[in-house]
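Order as written gives the chain letters A, B, C, D and E; numbering starts at 1 within each chain.
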C-alpha cells in the first residue's frame, strides 16, 4: 500500500460512522460513569474525592479482600476457559474444517446451539442436571458405576467455580469454534495439498501448517476470552445469585461490580464505589488488551492469501 | 521403483469432463514430459497422479500397485505446484526442509540438504526470508527446492521454470537432468517450453483436451508426428501447413517446418516454388523469422539462421523441399 | 479434494470426537426440549423421561400464547436484531477496513479506542444512555435499542474483522486500484465479498447477546409495543416462583429465529473463497 | 382525555391479579384514569427502577421495597412525600415504619402488605407418621428425628445454594424467639446488644443442627428445588413465609394438605415471637406528570376496599391496613392467627443496620448458609457479623 | 500521452535496497521491455510505476508531471500482475469487465469488449467460470484480458505469457503487438523470454540487482552489448566467453555467440581453431546444440541449424570467426 501525502478523506469516511455511534452511545456514557469513581457522596452532596475511593477499594480490607477474591476467582475462571474452551474450540474447528467431512454442518450447528441459549435457560437446565435432588447427574454417574464421584458441585466451595467455568465453556465453545473455523477456511487448499505431498498429515499438519496460519485468530480468541471472562456476570448471577455463593467462592469481578454498582437486596447501589471497581476492572482489562495489542498482535505474522 | 501406469483414467469436475480416458506408461527412471495447450488437463493429470484429485474412473498404478486410494503422503511423490503453494509462515529454508523434518531426518542432514538445494537454485542469500518477501522467480525456485531436497520415487513438476530467466532456466534444467540421472527417479514434467521438452524428455506426451494425442521420443515427435495437432505443437515457430491441392498433391495439407522452407529475394516460378510478399520480419539475434504472405497458402513462416535483411512488402520466393514435408488428410491425420 | 486423502480411520476418529462432543452439547438442550412438553410435576419427578401420555402437557406453550402478544415480541426482537446487525456489520467492516488497510498516524490508537468498548460492561453507562434517549424522545422505541446494540456490537466487529481483512491479498486490492476502483469500491466490491466468513462469524457473535439481552429492553423499551421476546418471557419469572413450563416454552421458542439466522449466516462459511486469486 | 398511570413493580407474579381484579375495580370507580401495571424482573427491579428514576423515564407509581432502598429514593427526591395523605391514617406506626424517614416525620409510601414467617408442613406426612406440630425447640427436633428415622420424607426442605433461604427462612424465621422480637432488634440498633450476644448466636446454633435434616446435596439445592421438594411431597417440613401459600396451593394441586406452625419457642411456656415483615408499599414518582390522579390511586390503595381485594387475591400477603380483613384461605388464616398469640416483629437486619458496607443483610445470608453447611461455627459467624457491623455503625463501635 | 520518466528512483524494503537508483525514459507509444535475472527488481519497478509501491526516493513522472503521490486509480494504467491477482469471487467476464464498469461504460459495450478479449485469448468457453475453476494458463489469460479490455495511457505487463503454450504465446504476443500499434499506448513489459523481448521491444532495458545495465534497441543489445552481463543475458543459449589470453589476444575475454562458432568433426589445429571433445548434444528439432569441452576455455556451446549428429566424447574442432567476437576487459567491460 503506497503512502500518499494528500489527505485521505476516505479513511475518515470509513471510520466516521462507527466512531460517531460508538463515541456517543458507549464512550461518553461509560466514561461519564467511570468518572464517578473520583467522587463520593458526603452529606448527600457529590464531592470530588480524587483517588480516595481507590484507596478505600485497595486499602480497606473489607473491600480489598472482596476485590482480590473476585480477581482471583476471575483469573481461575479465565484459566479454565483458556485451558478447556479454546483448545476444544480449536480442535472442533480443525475437525470440522477437514474437507469432505460428512455432516459437518450438522455438527457445527449442534455444537453451536448452547451458545444461542439464554442464560436463564442455561442456568436452569444445568442446575437441574447437576442437582443432587432430581437425579440426572447422579443417575447418569450411577449408570456407569461412578456414583461415588458425585457431589453437589454447585454448592461446594471447592468445586462451584470450576463447575460454573465448565458450564460457561459448554455454552460458549461455539465462539472459538466458529472463529477458528472461519480462519481455517481461509487457508488455501493448495498449501494444505503441498503439506500432504510433503508427508505432513494429520496432527503434524495441524501443528506445523494450520496452527501457525490461524495464530492471529487464536490471538483474537484469547483476547476475547480474556475480555469476556473479566466482564462475565450473567451465568453466575443466574445460577448462584448476586452474592455468588457458596461463600463468595464464585464471586467474580462482574458480580462484585454489579452488586456494588446497582445494589442488591438491602444493599443500596453505590455508583461511586461501583465506578471505582469498574475503573479498576477496566484498568486490568486494558492492561491485558494493551499487552496483546502491542506485544503479541504486532508479532503475530499475518499471511495474505 | 517408480513405474507409473495410468489406465483409462478420467476426471470430471461436475459436468465438465477434463480428462477423457488417458492410458499411459511411464517406466521406472524415465523422464516424461507432458505438453499440450493451456487448459488441456496437464495439471489435473499431475494432481491425480499425486493423489490430490480423486480419479473419476480408471486406475492409477505405481509399480504395478493400484494407488487410486492411497493418500498422497504415502505415495512418495514430490511435486512442484504450478502456483508454488509455498508455506507462507515458513522461511525458505523451512519450506524446503519441512518434508525431511517430518520424515525424521537429523537436523544437520536437513541443513545440509537445504543448503545444497539453496545453492543450486541461487537462493543462498534468501534462506531466512519468507515467501512474501521473494520475487516471483525466487518463489518458483523455492518450490523446486522443496521438491528436490527429498528423494521420492516420483517427481512431478508443473511448469517449474516458467518464471525464471534464460540463464537460470538453462542452469536449473541441467540440474534437474542431473538429479534425474543421479537419483534414477521417475519424473513427470509439464512445460510449455520447446527447448525444455526436447532436451529433457525421454518421452513426450502430447495432450489435447484431456486426451493423449501422441507419445514418443522427442525427435520422433518432431520428425514423425501423427497428425497436424502434434506437428503444429512440437516445434517453434509452428509448422506451416500448405494447401496441398494447390501444389498438385493428393493429400489435403502439406506440413513444412519454418526451418525447412528456403527463401529467395525476388519473384520466381516453378512447381516447388511459391511466390509471396514479406509481411514482417523478426530478428532474434541468432536467427531471423520472415513471415511471408502467399496467395495460395496464407501466411507462411520461414526461419533462417543468422541475421538476414528482407524488406517488408518485398517480393520473395519460397522454396519447398517436398522430401521434408508431411502429408495430412482432411481430418488432419498423417498420411505416411 | 481427494478420496485418497480421506483416510477411513482418521475420519472415523473425527466423527467419534465430533459425535461425542455433539452429545455433550445437545444433552442439556434435549433436557430443555423434553421438559418443555411436560407438566411441572413431571419435570421434577423425572427430568430425563420423555413426555408420556400422562405427563405430556402443552401448558407452557399455552401459557405463553395466552400471555401477551408474543408474535409482536418476536417481531420486535427480530427487527432490533436484524437492524443492529446490519449497522454493526456495515460500520464495523468499514472501520475495520480503514484500520487494516491504511497506515496512518494514530492507527493503532484508533484501534485501541474502538476496542475500549469491549472492556467495560455497557450496562454501567445505562443512566447516561437512558438520559440520552429520554432527551431525544427515543424511550420506548426500537430505535433506541438498535442504537445501543449497534454501539455495543461495534468494538468486537472491528476487532475481528480487521484481523481477517489483513489476510486479504494486497495484490488483489492493488489490482482493483489499477482498475480504477475507488477505495470505497475496493471495500464494497472486493474486500467485503472476500471476508464473508468473517462477516458471518461476527454477525453470529453480535446477534446472540442482542437477542438474549434483557437489560436494555427492560430499561429503554419496556412498553408492550416494543417488548422483545426475552423481556416478554420475563413475566414468567416471578419473585418466589417461576413458571418453568412457560419459561422453557418461551425461551425455547425464542431460539428458533436465532437458529434460523445462524443457519443463514453459517452458510457464508465457505471454503476457498479466495482460491485462484493469486499464484 | 384519559390519564394513564404506570405502576413500576417487581411483582411479576401479580400481573394477572392486577390486570384481572385490582385495576378493573379501580377503573370502574374512577373513570378517566387508566392504570398500567408494568412489572419488571424481580432481581433487576432495584437497578432498573433507579436508572429509570435517574433518567426520568420511570412510571408514575412505584412499588416500594421496605426500608433503605425506598428511603434512599425519597432522600434523593425521587419519591414524593405522602405524609399528609388521608389514607395514612389507616395504618399503624409499625406498618408505616418501613417507609418513613428515620425520625418517622415523613412517610413516602402507602403500605400494602406484610409477610409472616413460619413452618409449613405436609399434613398427610404428619398423619402418616403420627406427628403433631411442635411447639418447642426440643419437640421440633424430636419431630425431625422421627421423620428422618422413618426415611420416607426428607425432614426439611431447604438448600443453601441461594443463601437467602438460610437467612430469611432460617435465621429470621426462628430468631425472634431468641432475641425477643422488637426488644432485641431495637437494642441492636441502639447498640445495647451485640450480635455476639447469646440471643443472636442461639439461632445460629439451632441452624447448625439443621444440616442433618436437610436433603442430600442441600448445598446445591436452590430455592425452587426446595419448593419443589415440598410441593411434590418429598419433604415433610418447609421453613418459609406466608407468601408461599398462594404459590403452593396450585402446585400441590390437592395432592396433600398443608398445615403451618409458628417458629418453636426455646422452652415450653416462653413467649412466642413471629416475624411479620412489612414488605410491599406503593409510592409516587416525584416527577410524575399526574400527581393528582396518582394520589387518587394511592388513596384507594390505602383503603380497606383495596386491602380486602389484595389480601384475598394474594393469600399470604397480609394487609397492613388497620381495618380487619376477612380472608378465605385457611392456611392464610392460620398464619395471621399467630398475630393474636405471638409478638410480631420485623426482620432484624432491615432497618438501619444494612446501610453500610459490609451489608449486614448480605452478610447474614452468607453466614447463615455457612453455618448450616457447617463451614463456619455459629460463634465465628456471629463474630464476623458483629465486626462487620461495628466497622461502620457508630452505636456498635 | 504516456511518456514516462524515472529519475534516480530507489526503493528499499526495510534494510534491503531493491532498486538502487534507476534513470529511465520511455517515450510515448514506445514498447519497452524489462529483462534481468530473477529478483533483480523488475516487478518492483513496475509496481512503483503503477503507484502500488511508494518510491523511497527519486521521481516518477508521466508526461512530465510528477506522479509519485498520485493514487494508482488515477494514473490510467493497466497492469498484468505476475501473480495474476484475479478477483476470486468474480467470473472471468466480470474480472475483465470490472474496470470498464467502474468507468461507467455501457453494459452492451462492456459485454462486447470482454467478448472480444475473451475470443482473442481463447477464453470464450470459460467466461462464466471463476478463477478457481481455471487452469494456470487460463488464469494468466484472464489477467491479460483484464488489462487489454481497457484503453489506458500505459500498460504494464509482468511476465504475461510465462504460463502459455508456444502457439498461444505467439498468438498473444502478436495480439499485444497489434494492440500496441492500434492504441499507440506506451507499454512496459517484463519477460524472460528472449523471443518476446527481441520481437516486441522498441527498447530493451537490462536490469541487474536494481540497476540499469544497458538500454537499447534489441539488435543493438545483441550486436553491441556494453559488458559481459548484457552480452550473456541477451541471446540464448548464452554467449561463450573464451579465455582471450590463450588465444593470444590482448583483451581479457572474448565473447562469441554459440551460433557464431563453427564445428568440425575430428581434431585439427590453427590459430582460430580450438580442439575439444563433445560433452553432450541437444537436438531441438530445427536446431542442434553441441556442448564441447575444451582445455583452455571450458565448456563451449555451439548452435547449429538443422539436425546434426555428433558422437558424445568424439573429438571435434571449433572454428572461431574473430570478427564476430566481442572483447571484454577484466572487469567485464566491453573493449570497442
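Some points to look at:
What we mean here is this: a contact is a pair of C-beta atoms (placed from the backbone, for glycine too) under 8 Å apart; a residue touches a chain by one contact, two chains touch by 3 or more.
This one's a predicted model, so the numbers in the text were calculated from it and none came from an experiment.
The fewest steps needed to get from chain A to chain B, moving only between touching chains, is 1. Most remote from chain E, judged by the distance between CA-atom centroids, is D.
Top contact pair of chains, counted by C-beta pairs, is A-C. Chain A and chain D have Cα centroids separated by 37 Å. Rounded to a whole number, the gap between the C-alpha centres of chain B and chain C is 54 angstrom. Chain A and chain C, compared by their mean Cα positions, are separated by 16 Å. Distance from the chain B centre to the chain D centre is 92 Å, each centre being the mean of its Cα atoms.
Contacts with at least two other chains are made by residues 51-52, 71-72, 82-83, 133-134 of chain E. Residues of chain A in contact with at least two other chains: 3, 134, 188, 190, 196, 303-305.
Shared interface positions of chain D, i.e. residues touching 2 or more other chains, are given as 228. Interface residues of chain B facing chain A in the complex, by the touch rule stated above, are 50-52, 71-73, 77-79, 81, 83, 85-90, 98-99, 102-103, 130, 132, 146, 150. Per the touch definition, chain C reaches chain D in the complex via residues 40-41, 44-45, 126-127, 130-131, 133-134, 139, 214-215, 218-219, 222, 234-242, 244. Contact residues of chain D toward chain A in the complex are 43, 46-47, 50, 67-69, 72, 75, 159-164, 215-222, 225, 228-229, 349-350, 354-355, 357-362, 365-366, 369-370, 373, 375, 388, 391.
Per the touch definition, chain E reaches chain B in the complex via residues 13, 35-39, 41-44, 82-83, 122, 126, 133-138, 140-141, 158-159, 162-170, 192-195, 198-199, 218-219, 222-223, 232-238, 257-259, 282-287, 303, 305-307. For chain C in complex with chain E, the touching residues are 169, 171-172, 174-182, 185, 189-190, 193-194, 272-279.
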